[in-house]
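Below, subunit A partners subunit B and then partners subunit C, in two separate complexes.
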Partner chain A sequence: MRVSIDTDALAFGFPILLHGLVNTILVCCAATFIGFAAGIPVALARLSRWSMMRLPVVAFVELMRDTPFLVQAFIIYFGLAELGIRLDATVAGVLALSLYATANFSESIRGAILSVPKGQFEAARALGIRYFSLIGRIILPQSLGYLVPALTNQIIGIIKDSAALSVITTPEMSMAAQVVVGESFRPVETYAMVAVLYWALTTTVVTLMRQVERAPRRIWRSGERAGVDHRLPIEVSE
Partner chain B sequence: MSDARAPILRVERLSKSFAGSAVLHDVSFDVHQGERICIIGPSGSGKSTLLRCINQLDPPDFGSVSLDGVAVAGGHGRGSNGETIRRLRLSIGMVFQSFNLWPHMTVLQNLMEAPVRAKGVGKAEARQISIDLLRRVGLADKHGAYPTQLSGGQQQRVAIARALAMNPRIMLFDEPTSSLDPELVREVLDVMKGLARDGMTMLVVTHELRFAADVGDRIFFMDRGRILEDTPAPRFFAEPTTGRASQFLANLIGVT
Partner chain C sequence: MSAEAQALMHGALFTLEASVVGAVFGIMIAVMIALLRQAALAPARWIAAAYVSFIRGTPLFVQILVVYFLLPGVGLDLSPLQSGMVALSLNSGAYISEMIRGALTAIPPGQVEAAQALAIPRRWIWLRIILPQVAVLIVPPLTVELAALIKGSALLSVVGVVELTRSAQQIIAVTFEPLGTWAKVAFLYFLMCFALGQLTRQLQRLKTTGLAV
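And then the complex of A and B:
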């Protein structure tokens, strides 16, 4: 039995897939930035000692983390349509993926904040430093070392899960693959190319994030940390 | 200001429990300008908690803390009067056993951070104050270093300078030499003695009895959440009034 590779199908499909890849990158970048920006307040709310802040956020995060992204995408796209909000498939895709990213990033951010020794918070509080300066200038910069490796994994997860957006016709790479297969009837060649392109994208992200990871690993990370009360339970909000 | 005898710090009926067990029990005292109080006692006697309740890092369950007549009452839970507590802290310097310098900032940045961010001091002025203080603790040449590049003794001297950069009314020291190698203890105590000579009002939780005897005006001997003795230092070391204090001293002297 011979396996034949249809090079015409490759040549036909490649530009369409490349266009889809660009969209995948744009959608994932948007979701990553939105998810990171929104993940910080969500993490802080979850660390709050006020249950009015904490409980809604816990519900949101657990709901997003414990259900398949595919289902979430359907609910957002068709659910909003039922409510009379008709979103462009791309906008709906970015929205769904951003919500998903927010929930996942917020948990990594929360873990990174908790990994900063308690004494670091206390020193800042004892000096009268306000909450947002404390978080923004004292705690988050220190937690980057813990945060970046976790975020790398989650960004890769987002890239892979973004393929599910084809079900709501967001024009990303998996959607493009369906179009190509519909024209060429060559699913194996097409999806092989798709796999290679996803792999190239995630590998690029891993390489880039390694560079980011090295950046905060300056001199203060190399030495031993001052302090004996490492990783005691803390309350972050004041 | 008007009354020279008005205390800087007044602690009234301070009580604190952790998980149902009382750590501080109805503690009251006054501290006047320039007084140096050393707080000694066995571990678990509530010494550190007392300091931490004064600047509200551990919010007291009951009682009040007044600094220059401005009171913060306990028992309201955390965050109920956040801005009042923050203002209180601006005037109270705290030095921790574990230094707690910020490792991602240089020594100079550690000193400038709170004056600039919490007190609104201009950067140029904060830098000048910081450099002067680093000179005072003998570390002017280390302003560009990161904390992990310094010895424990140097880190603690930076931490003292960081607290002083806020120009506090009173300084709290929570076992400042307990996590230091023995040969590094002296340089920190010397800085503290210098502060005492300059008239800083200080509350020092310490196990360094010689320091307490040399520098302390008053000794608080604490046990089980109470101040059992509040005695002038010479008298305390000559003839402690309580049996518990004599026993504590005898044990310590027996060890050394």
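And then the complex of A and C:
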């Protein structure tokens, strides 16, 4: 039995892993922003009255949600290469994670939009408010109470799933771990340290998102005191 | 059926088996964790909470690798499949324990109070009143977890377990046709997870119409 912790291996690997952690944060940030930006139109298309809009989006979302992220990454990195589209490992990684994020975020956004009472849509239509103003100024601000906790979970999922990108050699933290193990031959210490760093990252994100979550609630509370419907943030009327 | 199709079907079946086994062990771990979280002893509760937080806060990919490299170091000589199943079970145990926690809060406290008023022993309250209801409430989220396990088990390919993803890699090493093979693999995963998703929807509908519980 060999139970000894090699502190030299920890000291050797730590800076390399920190560099990988920064890359993981960058890749996940990119995927989160792209996923959120693309997720809104995808969610709206899925809620559309026209099946021409709805069906392709439903197919995309269900395919992304019902297949392993690892397989999606393989298709984008190795599958596209067969068609002559050779992507850099980083580009392929960000692309795969962004597509995955888009599908997952769009479902949260769709749920958030559906959480807003139907009367809001009807009232806006009756007042002749344009579609983009309706969505951007009336529906999305009110759905934040539902959306933010759901997105927190999705972002945590993105961070954890990004570890699989090391298999297509995207230079993030798990890939850095492989590099460290290749040099130090201490996989247990290295991967344990990687696990702690991932845990620190996800815990930090959860704590930060809690703060974001609190912000609109403060607005709601002031609304409640004034006897206003709690689902209506006051700032919407401008 | 061609040899390739046969290998893929075999891999898909193996993925399904590994996921079910992972879920079964996961349920056992989850029940222990859920009981620990109810324990009177505070350190027991802390350990359970730390376990759940750590598993839910780290990638399954890293968990699989830690278990794979750690167990031989402490004298347990396990095959890649065995260590992979340990990682998968430990992982799903944490998630399922959270589902049990959710189900426990869904049971009205009035039931326990009524049972206590009737002087029913604590053991019976758990075995006859709480757990049977938890067992029903947990079924729809369990199907969601099983789908997550099917997708998560793809990561077992990294330590050399020949499930669906690994068998696809073996095929590609011979045929050099990644796109077609991965498309087939994605379709097989999709079939399994989509079918489970539909089952989840049906089960949730049953619950809302009051047939369950």
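One rule holds in what follows: the second predicted complex is superposed on the first by the 215 of 238 C-alpha atoms of A that agree within 3 Å, B and C clash if a C-alpha of one lies under 4 Å from a C-alpha of the other, contacts with A are read in each partner's own complex, and residues count from 1 in each chain.
Everything below uses one rule, namely that a residue touches a chain if its C-beta (ideal position, glycine included) is under 8 Å from a C-beta of that chain, and two chains touch if they have at least 3 such contacts.
Here the structure is a predicted model, which means the values were calculated and not measured.
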Notebook entry, point to check: Touching A:R125 in the superposition: subunit B (first), subunit C (second), both, neither?
Noted result: first
Margin query: Quick check for you: in the superposed arrangement, does A:V179 touch first (subunit B), second (subunit C), both or neither?
Written below: neither
Check: Touch check for A:S133: first (subunit B), second (subunit C), both, or neither?
Finding: first
Next item on the list: Classify the contacts of A:L87 with the two partner chains as first (subunit B alone), second (subunit C alone), both, or neither.
Entry: neither
Next item on the list: Applying the touch criterion given at the start, work out whether A:Q142 contacts subunit B, subunit C, both or neither, answering first, second, both or neither.
Entry: first
Check: Now for A:M53: first (subunit B), second (subunit C), both, or neither, which partner does it touch?
Finding: neither
Notebook entry, point to check: Touching A:I25, do we find subunit B (first), subunit C (second), both, or neither?
Noted result: neither
Notebook entry, point to check: Which subunit A residues are contacted by subunit C in one complex and by subunit B in the other?
Noted result: none
Checklist line | Touch list for subunit A against partner subunit B, complex | finding: 49, 117, 119-120, 122-130, 133, 137-138, 141-142, 216, 218-229, 235, 237-238
Item checked: Interface residues, subunit A side, partner subunit C - complex -> 1-3, 62-63, 65-72, 74-75, 78-83, 156, 159-164, 166-167, 174, 177, 187-188, 191-192, 194-195, 198-199, 202-203
Notebook entry, point to check: Where on subunit B does subunit A make contact in their complex?
Noted result: 55, 57, 78-79, 82, 86-87, 89-90, 92, 94, 96-104, 113-114, 117-119, 146-149, 152, 155, 159, 162-163, 166, 179
Item checked: Touch list for subunit C against partner subunit A, complex -> 53-54, 56-63, 65-66, 69-70, 73-75, 147, 150-152, 154-155, 157-158, 165, 172, 177-179, 182-183, 185-186, 189-190, 193-194, 197
